[in-house]
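Structures for review follow.
You will see two complexes here that share subunit A, one where it goes with subunit B and one where it goes with subunit C.
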Partner chain A sequence: MSTFFTSRLFFVSLALVIIAATLPLYVSGYVLGLLTVAFYFGVFAMAWDLLFGFAGEVNFGPTFLIGVGAYTAGILNNQFGWSVYLCILLGALASVIAGLVLALPALRVRGPYFGLTTLVAVLMLQNFIVVFADLTGGEIGLTIPDVITINAGANYWIALGFMTISAAILYGLSQSPIGLVLQASGQDPVQAGALGFNIVKHKLAAFVVSAFFSGLSGALLVFYFGTASVGTVVDVAVGVNVIVSAVLGGRRTVLGAALGAIFLIVAGEFLRPTGELATFIVSAVALLVVLFFPGGFLGAALSREARS
Partner chain B sequence: MRAFQILIDGFAISALYALGATGFTLIFGVSGVLNLSHGAIMVAAAVAAWAAASILGVGTYAGALIGVAVALLTAFATYFAVVKPIQDSRRIPNEEKEIFVLTGTLLWGIMIQELIAYFFTNNAKTVLPIVEGVVEILGVRTPKNEIFTAIVCCLVIALLWLLVNRTRTGKAVLAASMNPRGVTLLGLELTNIYIVVWAIYGILAGIAGVLLGMFLGVSSYSVGPLTASAFSIVVLGGLGSVSGSLIAAFVVGYLETLTAYLVSPAYRTIPALLLLVFVMYIRPQGLLGRR
Partner chain C sequence: MDQRLSNRPVLEVRGLTKRFGGLTAVKNLGFEVNSGEIFGLIGPNGSGKSTAMKSVMGIERPTAGEVVFEGENVAGLPAHKIARKGFGMVFQHSRPLNRQTVLENIMVALLPDSLFMLFPDKALVERAKWIADRVGLGAVMNRRPPTLPFADLRRLELAKAIARDPKVVLVDEPFAGLTRAEVDVFSDLIRSFRDEGRAVMLVDHNVKSVAALVDRVLAMYLGEEIVTGKADDVMKNETVRRVYLGGAIETHARPETSFKDKVPLLQVENVSVFYGKAQALENVSIHVHEGEFVSVVGLNGAGKTTLFNTISGFLPYTGEIVRGGDKLRGRSPAKIARSGLVQCPESRELFGEMSVRENLDLGGQHLADEKRAAQLAWLFELFPILKERQGQMAQTLSGGEQQMLAIGRALMMQPQILILDEPTLGLAPVILEQLSKALEKLRQTTSITVLLGEQNVTFALPHADRVYVLEHARIVWEGDPGRFAAEAGADFL
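== the complex of A and B ==
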């Protein structure tokens, strides 16, 4: 851990955060709005990477955790008018509880079965939102009366600060002894168990941490949007974007996942003039990266540094 | 009256689901690949059949054949451009190949879906049916096309059963699903077996796609739901078990039809999902799956 503060990765990240923090001084509100969303997505992707890259569990339903956090916060604000911060906190807590409910039985199964259980959880959540339309706004979406702030710059700084703190905590966790145990239990559960580590407890902890950050980020995102809808926080397509971000940026790097998410959202916006082909081009680039640079952006950069 | 209607409609839907899911489970059983571009391949077949029949005007039979051919080509492209490079890659550790195949085929599916939307728009397309008209069965007015769909599905599944159990190639495929290393030790090339399986898969997905296009119509939005329904049927039946998928397809098909007729069409997928969750909790390997 101590070597991290002298490593090149640390200085590059620090420089990037400082440059990003000064952006509101000279770019338009439009760019800031785009990056704000990208930063929240970055947290989704990092939280997912902790579970996949380290615990070795393929969670196909990141949007289950995100959606529970987002909708809980939104509904509490909409129904009871509680303060924004309380709602965000309760949203994150609801996400942790949902994560536990999902993880306890799901961790009994492995590989594709675990993936499917998490995917089904998303489909169920999606159906419930549509069925209980009175409470959730159904397919139209949930209107949220309060927002954190309407200032584009302030929103941007909140998102950047949140992403930086989350990145520090998640990266720190991944490099700590707990992260090593997680990695070991992801690669060879039997051997890690034989060494005396409680694998289930570690994986459950990873799930809880991942759920907490997903839910928190989801709740912050809906208070930024002022609305929560299936298409923005629950849909399987959103979850696919989160997974692609993490793989694109470099799995098992945590920080790479955030890079991947920012790239995906900014690239999607740049390609908007190409109309309907934008998604095609982004998917094609992502597929090429998966096929030819399986380590992702940061994985490729780090292995080059390690070689030189 | 209504009971017969549910019985008949449910059978046609279930047979179609069964056909769609069989190829999917066969590939998983033999090569351990979960192909998430499945829905895209089915839609590609239906749209090709529609375009050939409605735009080029080649007739319904030729259109259907073109649809199946397109599915076959897309299936080969999936194998050679996406799945094989990942399986052969030395840079991807073995234990992570599964997630790379999933991500790769998913992206590939999205690419196919976007291309279809770009060239043929998002509008729903109904392929001209091969047989037209309605017939009365037990007092229920049934489109002949629905009966045709059910018959073709059952015939194709029966042919597949003959192919796998009665021919030399089929037996090699079966052997590969049981013990891939054993098959290579007997001097059979595993890659050739995979190519055969992907060809069978392409034809099955193509026929299922074209029939679906005739029966219900498809659009590029159907890609995700089609993949998801095949995935859940296959898991319900037990990954890799063909007979398990057949049973699961009928369970899901009838459950959906019952809900649609008796409760509301809006809730048609919910009971099947609940059942899936229930089965995952008490029997994670599925109805007929091996651990």
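== the complex of A and C ==
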């Protein structure tokens, strides 16, 4: 842990955050808006990596946790007009509770079934939103009366700050004794059990932490958009983007996941002139990275450092 | 040592039984282990010894029986609770955390089972360093596992197992994959655990390899105890000898000169294979003549399966494998099998949810209908039971019937060379006899060349024309089965 503050990774991260913080001084609102969304996606991806990279559980439904947080916050604001901050907090808590309800039974099944359970959860949530359209806005989307602020620079700084703090917490956790035990359980559950670790307890904790950050980020995102819709926070395709971001950035690196998310969203936008091809090109790049550099951006860099 | 401890065994196992569905892997097993004692649980592959050890540790939940640790029955508790009570287990296969150093890997074993420990304790670091020195990892504790040799990775497993100062240490196959010199070092380490007053229980295949290390041995076969006692006495026991060596073996070897081909049909020349850092085959050379029946005997882990998988094209290797003048390198396993070099694998690999007939038809899929029917009729003559079971799902067959089906499916491919890998694995003696008769018939009525891998010498010798002994990845003996018992038999007890 103490070596982190003298490592190259720390200085590079610090430099990147400082540079990012100065961006509103000289780039357009359009770029800021894009990066704001990318930063929230970065938190989704980091939260997902804690589960996959460390606990070894593939959560195919990151948008279940994100969507519950986003819609809870949005509905509370829409229905009762409660304060934005209270709604965001309650959204994150709802996500934690939903995560627990899902994970408690799901972690008892083995192998690919955990992943399948999480996938089904997304489809159920999506259905629920469509069916209870009165409450949720259905397929059209939910209008949210309040926003945190309409200032693009302020929104950008909030997102950047939130991502930086989340990254610090999630990365710290991943390097702490708990992170080590999680990694051991993910890699060899039988041996971790024989070393005296309650694997279900540790994985459940990881799921709760992952749910909290996913829900919080989802709630913040809808208050930035001013609307919540299935297509932006629940759809399976959104979940796939989160997963691809994390794998692209580097499994088991936490920080890499944020890089992957930013790359994915920014690259998608840069390629917009290519029209329909944009998604295809970004997906192809992601596929190539996964096939030939399974460690991802940061994974490749870190393992080179580890070998030397 | 204090009086109470020396009187009462630290670990008492009574009536331990573990069933998997219809299979009873461990049957009413009972033993005790004292502090400061090394106890060996020995049995051939499939005898249930590993299951017994896992049931003690709580990795498998025992179906019945008691595991009493210091007077408390811990049977049925999950592994992590049993571990915290004072058990440590050394696993055969290690999967260390590759991004962490050796020291950090040891520290993981020292951590409490708590969600609130965010910063490691300084005392833990000191303790981890001490343990690293203790098992001989002192010089490499700041390196990462991928850069370590195999023996050091095994040391790391030992370090993790003893990290929390357990009273009982369980060791799964302590010497698997180690060289002779390393075996001595690890023996000393395990003895030092005993000398610290721990109870050590180890599992291995044969008595001889651990004879110098253990204080007492329990030999088991098909889930049951045969005998318990000092290693020397167990090796002299009649039943143990019969299980490992068989009684007087009648052999029917045909001399090598009787085979007409001047260049052997199959030649394996100086083949070496590595699994990561562990060498699984070291300059192995064998040859098989057309129509010959050759047995490769060796204990579990000696490299038999690796040898067969290499021949079948599943593994990369150095050296050459030549069949009928053609080098096999670069051919896919499917092509090799289709050309008549067929393996019946140790794990059988049946299509469990398909019927017996469907499994056989898949084997004979390349044949014309008429030929397939003829081959099937011939096969049903060889294994009549398969005819009766035609419509039954393969996974519902007994172990012996499954083995016959696996051999039958291989024969449906009309092999020129048939490789049989451990067909007797876990089978009862009466089934062995049936299989044995079928093999004899195969030898006498067909020209199929057979390469048989076995640790069960009783089964491997009677049909063999020639025998190779594989030990620690090397061929150490070759010769007539009649000379085997006198020249190479002692290693198989």
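Odds and ends about this structure:
By definition in this document, the second predicted complex is superposed on the first by the 306 of 308 C-alpha atoms of A that agree within 3 Å, B and C clash if a C-alpha of one lies under 4 Å from a C-alpha of the other, contacts with A are read in each partner's own complex, and residues count from 1 in each chain.
Please note the rule applied: contacts are C-beta pairs under 8 Å (C-beta built on N, C-alpha and C of every residue); 3 or more make two chains touch, one makes a residue touch a chain.
Here the structure is a predicted model, which is why all the values come from computation and not from measurement.
In this superposed model built on subunit A, subunit B and subunit C take up the same space, so to speak, and clash. Contacts of A:Gly81 after superposition on the shared chain: neither subunit B nor subunit C is touched.
Of the two partner chains, subunit C is the only one that A:Lys201 touches; subunit B does not reach it. Of the two partner chains, neither subunit B nor subunit C is touched by A:Gly161. In the overlay built on the shared chain, the residue A:Gln187 is in contact with subunit B and with subunit C. Of the two partner chains, neither subunit B nor subunit C is touched by A:Gly231.
In the superposition on chain A, A:Pro145 makes contact with neither subunit B nor subunit C.
Between subunit B and subunit C, the partner in contact with more residues of subunit A is B. Among 59-67, 113-121, 131-139 or 167-175, the region of subunit B with C-alpha atoms clashing against subunit C is 167-175. When the two complexes are superposed on chain A, the residues of subunit A that touch both subunit B and subunit C are 187. Those residues of subunit A whose C-beta lies close enough to touch subunit B in the complex are 52, 56, 58, 105, 108-109, 111-113, 115-117, 119-120, 123-124, 127, 130-131, 187, 236-237, 240, 243-244, 247, 251, 276-277, 279-280, 283-284, 286-287, 290-291, 294-295.
By the touch criterion stated above, subunit A contacts subunit C in their complex at residues 1, 172-173, 176-178, 180-181, 183-184, 187-188, 190-199, 201-202, 205, 252, 302-303, 306-307.
Interface residues of subunit C facing subunit A in the complex, by the touch rule stated above, are 57-59, 78-80, 83-84, 87-89, 91, 95, 97, 99-100, 104, 107-109, 111, 113, 115, 117-120, 144, 146-147, 160, 163-164. For subunit B in complex with subunit A, the touching residues are 34, 82, 85-86, 89, 91-92, 95-96, 98-100, 102-104, 106-108, 110-111, 114-115, 117-118, 224, 228, 231-232, 235, 239, 266-267, 269-270, 273-274, 276-277, 280-281, 284-285.
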